[in-house]
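Next come two complexes, and both contain chain A; in the first it sits with chain B, in the second with chain C.
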Partner chain A sequence: MTRLLLGRLIQAVLVALVVGGLCFALVRVLPGDAAFRIAADRYGPDALTGQAAEAVRRELGLDRPWPELLLRWFGDLAQGRLGNSLVSGEPVSEELAGQLGPSLWLAACALALSLLIGLPLGLASGLRAGSGLDRLALVGAVALRALPPFVLGLVLMLVFSIRLEWLPPAGYGTWREMALPSLTLALGLAAVSSRVARDAVAEVGATAYYRFARLKGLPAGAVVLRHGLRNAGIPVVTYLGLQAVYLIEGVVVVESLFAYPGIGHALVHAVIARDVPMVQGAALVMGLMFVLLNLGVDLLCRLLDPRLGAAR
Partner chain B sequence: MMLVLRSRRGALHAALGGILGGALRLAGLLALAAVPAAAEEPPPPGRTLVVVGPWEVGGLDPASNGHAFTRLEVAETLVGVDASGAPAPGLATGWTVSPDGLAWRFPLRADVRFHDGSPLTAEVAAESLRRAWSNVGPLARAPIAAITAADGAVVVALHRPFALLPAFLANHTAIVLAPASYDAGGRVVRIVGTGPYRAAAVAPPLRIDLERFDGWWGGRPAIARARYLAVGQGETRALMAESGEADVVVSLLPVSLARLRRSPKLAVQTVTPPRTRLLKLNAGSPLFSDPRARRALGLALDRAGLARVLLRNPGLGADQLFPPAVAGWHVPDLPPLTRDLGEARRLLAEAGWRPGADGVLERDGRRFAATLRTYSAWPELPPLAAAIQAQAREVGIDLAVSVGNTSDIPARHRDGSLDLGLVSRSFALIPDPLGTLLQDFGAEGGDWGAMNWSNPESAALLDRLAVLADPAARAPLRRRVVEILQAELPVIPVTWSELAVVANRRVAGVRADPLERSYGLAAMHWATP
Partner chain C sequence: MMLQMQGLAGPDRPAATAWPLSRRIGLGLLALLAAFALLGPLLVDADPARQDLSASLAPIGSDFLLGADHYGRSLLARLAHGARLSFGMALLTMLSAAVPGLLLGVLAAWRGGVAERALVALSDIVLALPGLLLVLILLAFAPGHFLPLYLGLSLALWVEFFRVARTTTARLLVEPRIEAARLLGFGTPYILRHQVLPEIAPLLLTLAAFAMGTAILAISTLSAISVGLQPPTPELGSMIVELLPYYAEAPLAVLMPGLLIFLLVLGLQLTARGGTVR
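After this line comes the complex of A and B, so read on.
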């Protein structure tokens, strides 16, 4: 267990170094003058002038050599600081704290909804592999996964906001505004997790130990609960870790579409505005979330299958 | 050797420890951040009017975000504008100028209080304006020598006469804030203004909550609570209006308007703001230094067609720089810019351009090929650029379209690498368009205006207009400036703009403001009890 935690901790440090350095390098090699970019985001296109850009350059010391700027960021990071946003001048940690909360809620709701939709569907399809339900679920999953979140979100808005007038198409603050963006993400997630669960259940259903459990006379419900779910759970839980990628990518698009103030929204704006500390901070937090999530997946897998821990 | 190694390892340890400590603190931040979302303050009881617009809330600095607080009537300026767009009394009851034109006096209203209860005094107003003057913004460009307070008035001393001073003071960067708005370092940490609404919560990047301020000098607004939501996607804004979640939605895409007009729940208003989409040309490049080449490109454009297809309103084709709604600067009898491909080809041939094998013009072995740069901050610009590309090709001009960031235009203006840019230029930032014209078409050109072009006559006329106060004397000068710009085409007008405001019929008193200075919340009231 200690080794697992230590491994993930080292991974977290590596993530910080690589993400910080990479973001810095990528933003620097992007075309365009950073002072003009930052001034454009601060003052808007109508009020942007060369003088404003030069004032920004002087204020932020953008013409200083790049190793100095990068080393300063790493130095700040080592002390737990992420620097100040170049656009707003506020500490990046404060801006992220304000935007991370909504994003985490959105991601958590989406994940929970996707499990509520995907797992029962996967279980039912897997137990009756090849049935009409299984095929229907496959078609549904392919269709939902093929739709980009942007299109899916618009379709949901048209149905639930315009046609039915149940839910607001944008905004934030209460569960009502949260419903459509999290459903948009959840449907994309459930599309795949239902298939992973279906395959895992179907595979377990075909094993010798599963058939033996049935043969020795256990009732169907008990077999599914004791032998089916636990064994089928491991690939499903492992896959949850991979889904974080979809979630992060989806959050960026969905937040912009639904005018939801999260970290994805912040990242898009920071990249456009060349706000290096914000890009580094947002990417770092996303990277660390990824590490944390994988740690959670590892721990959950060990709980499901104690042999994983004993083998090390 | 051993010692060196150990110390190096020690340093490594310390560094690693520091990074780990930082990572742990970050993890703590993650944990902390998870809490406040659930604790989002519940909407206050009673009806809240929801205004939706495209502009994000960037922060509190008036230089970058003052427009949010003037539009929501949280903060006010010394000078306002009247219905015709001319400067009018605001927090100042009027103004007087010394005979030499160098000292301006703005006496203040007597009964004005800030949202924290403190009175508006001339000292406070002068201090607030001095901060705006030293910040980025139009005041920094005005010939101001000093801003002081005397006998209940703000007194502005100038280096040279400048008739535009009241218009400059009406700009959103010149909002008057209470001393409590600033921290010790002079940064704005909260917005304590004088307007009919006070900012109950400013939640960048997307929300501002407002409450009625009962001590406003102008009376008591009917709407007690309001909320501004920034929604970047035009499609989402239209859906907010359609679903009834928003009461007032500002700035809608032309494609959404026809659908919204059919809804019995909604009232759609459109106005023509002083905003023109134009081609900014590098008149120093060999391609466009000849005025005949600029005129030819102008003659290649089917403005009404562009406006009909892309903006759904053929009346928006810009046959001169200013739309008819901009009184004093639109010249009704000016020969309009039209499409005439034959004349365009003739002018280009006269300038020495001959069609090459592929139809693209050539002169001395050089093709008439240029990059047309634009940006996507305004969603209509990239499709307009593509249409202009196709129309220019008909007269043998080969344009490559490049869509980038807003800042590419002024940055490339500065380093001289711009051939051609399609921009959306507002002449309303300072209520008198002259404020923007001075910036764009002065002797040295401007970031968003002329590039490597200057005309001594128009530059002198603009300078003269900047000091001339008599309206009757100004009119012929304005006309001459517009004539020169139309003849020389340092920029080629393409289309004018339309601002659409959609209101739910449960709200009354909504008025679209062509200058985009105010949503007019204080004048609205609920149509249904």
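After this line comes the complex of A and C, so read on.
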């Protein structure tokens, strides 16, 4: 258990080091002089002189060698000081706090919806492996996996918002705005999870203990519930860990596509505007979301299969 | 002599498992698309950037075989150039991920010790973040440029090659036949070439196709959210977004680049999946 937590903690630290290090490098290569910018900010553009900039440079220690600056950069990061956005001037942490909620909602809705679609479909095709339904689900899954999320999102938008005019193509607030972005992500996720569930169910269905449960007279429904689902659930949950990459990347893409006010949208805009503090903050939060998602999957696996914990 | 006997008695893989139906369909699809991407720009004389505003949104089958976009640029030429760009960039990123990945993987398993631990730590660092986030941060260095896109994708993709090469080599190194080859006096390069490489080679097609599929998806997605390659370039993802406002007039013009991306990735994924279609 401690080993599991420690592993994810190390991953979180790595995320911070990679994001922080890259953003530090980004500040150093961007054109313009930070000391001049800060001096202009403080004293107004009229009072901006070389001397004022030099004074700021000395005061803030911007003339120190870069390893020292890097250490200071990481020190700020460790204390949660993310700085102000270069575009809006607002503190990055405040902007992110406002965007975190919508992003978490989107991720949670997409995940829940993908399980609602994927699991029953996987169960049905696994119990009747090789049937027409199973083949159809396979073709659908292969096709969905080859479709980039943004194309899938556009197709849904064209069908449901423009042709049928059922759902709005953008915005945030009610379930109606939430439906298309989360469905886009959910279909991509379900394409994988339905097949993983199908394989797991088909495999469990072929085991001796499963056949014995049938032979001893348990009704079909009870066998599926008591012996089938729990054993088949382990690979599905394990696979969710791998799908976390798809989910996080998908949130970034789908938020930008549907003009959804979340962190992924903010990240893409910050990259275009080269708003370094915002890029750092948004990438950091998305990265930490990824780590937490992985941790959740780890813990869920342990819960479903206590043997994993006992082995250590 | 013993080695030869073992080789003869070893499990002969029937050709059918290496070339299952899905892989053959995938490779066939890829061959067609590659022909379109390579021959298209040669046969279709049209310049993908030449505008003819009087032919704006020309329908399919008029002067333009597949119609024209809102600037009156030939869609056939743009699709062919876009396919070539996607294919070429995916191939380039795959190669620059595969070569160091494989070499470092074999090296890590072979040498062990500090070298292996350093390389594994490096791969852990890359895997800590989802690949697209890494590419996005790198793109902030030079938005719309080819180099950060290429470097970021290669950096994210080499890990898979590295891990497979390392685990396969590590598994082989403890087998008696490697020890026997060493005792017989064969040198390291010989053993690597004749014992280790043949074991990794069958996995290569799967890994390479998978990496190329990921690269094509990422390249088109990033241009579609306007941080990747920029509009005048005939890139499939940005073509879709560029044409989207004209969906009501020319729906096919929007859907064709999307279909092309879909077919490219489908061909690669069917090839990658090989024997294990699920």
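Here, the second predicted complex is superposed on the first by the 257 of 312 C-alpha atoms of A that agree within 3 Å, B and C clash if a C-alpha of one lies under 4 Å from a C-alpha of the other, contacts with A are read in each partner's own complex, and residues count from 1 in each chain.
Please note the rule applied: contacts are C-beta pairs under 8 Å (C-beta built on N, C-alpha and C of every residue); 3 or more make two chains touch, one makes a residue touch a chain.
These figures come from a predicted structure and were not determined experimentally.
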Partner chain(s) touched by A:Q11 [first = chain B, second = chain C, both, neither]: second
Touched partner set for A:G287, first chain B, second chain C, both or neither: second
Partner chain(s) touched by A:I272 [first = chain B, second = chain C, both, neither]: both
First, second, both or neither for A:S93, with chain B first and chain C second: first
Which superposed partner A:L154 touches (first chain B, second chain C, both, neither): both
Touching partner for A:L257 - first (chain B), second (chain C), both, neither: both
Touching partner for A:T238 - first (chain B), second (chain C), both, neither: neither
Larger contact residue set on chain A - chain B or chain C: B
Touching partner for A:I162 - first (chain B), second (chain C), both, neither: both
Shared chain A contacts, counted only where both chain B and chain C touch the same residue: 17, 154, 158, 162, 256-257, 272
Chain A-facing residues of chain B, complex: 15-16, 18-27, 29-30, 32-38, 40-43, 50, 52, 55-56, 58-59, 61, 63-64, 67, 136-137, 140-141, 173, 187, 203-207, 229-233, 235-237, 239-240, 242-245, 375, 377-378, 404-408, 410-411, 413-414, 424-426, 429, 439, 446-447
Residue numbers on chain A that touch chain B, as the complex places them: 9, 12-13, 16-17, 31-33, 36-37, 39-53, 55, 77-82, 87-90, 93, 95-98, 100-102, 104-105, 154, 157-158, 161-162, 165, 168-174, 256-261, 265-266, 269, 272, 284-285, 288-289, 292
In the complex, chain A residues that touch chain C: 11, 14-15, 17-19, 22-23, 25-26, 29, 138, 141-143, 145-151, 154-155, 158, 162, 195-196, 198-199, 244-245, 248-249, 252-253, 256-257, 267-268, 270-272, 274, 276, 279, 283, 286-287, 290-291
Contacting residues of chain C [partner chain A, same complex]: 124-125, 128-134, 136-141, 143, 213, 217, 220-221, 224-227, 237, 240, 244, 247, 254, 258, 261-263, 265-266, 269-270, 277-278
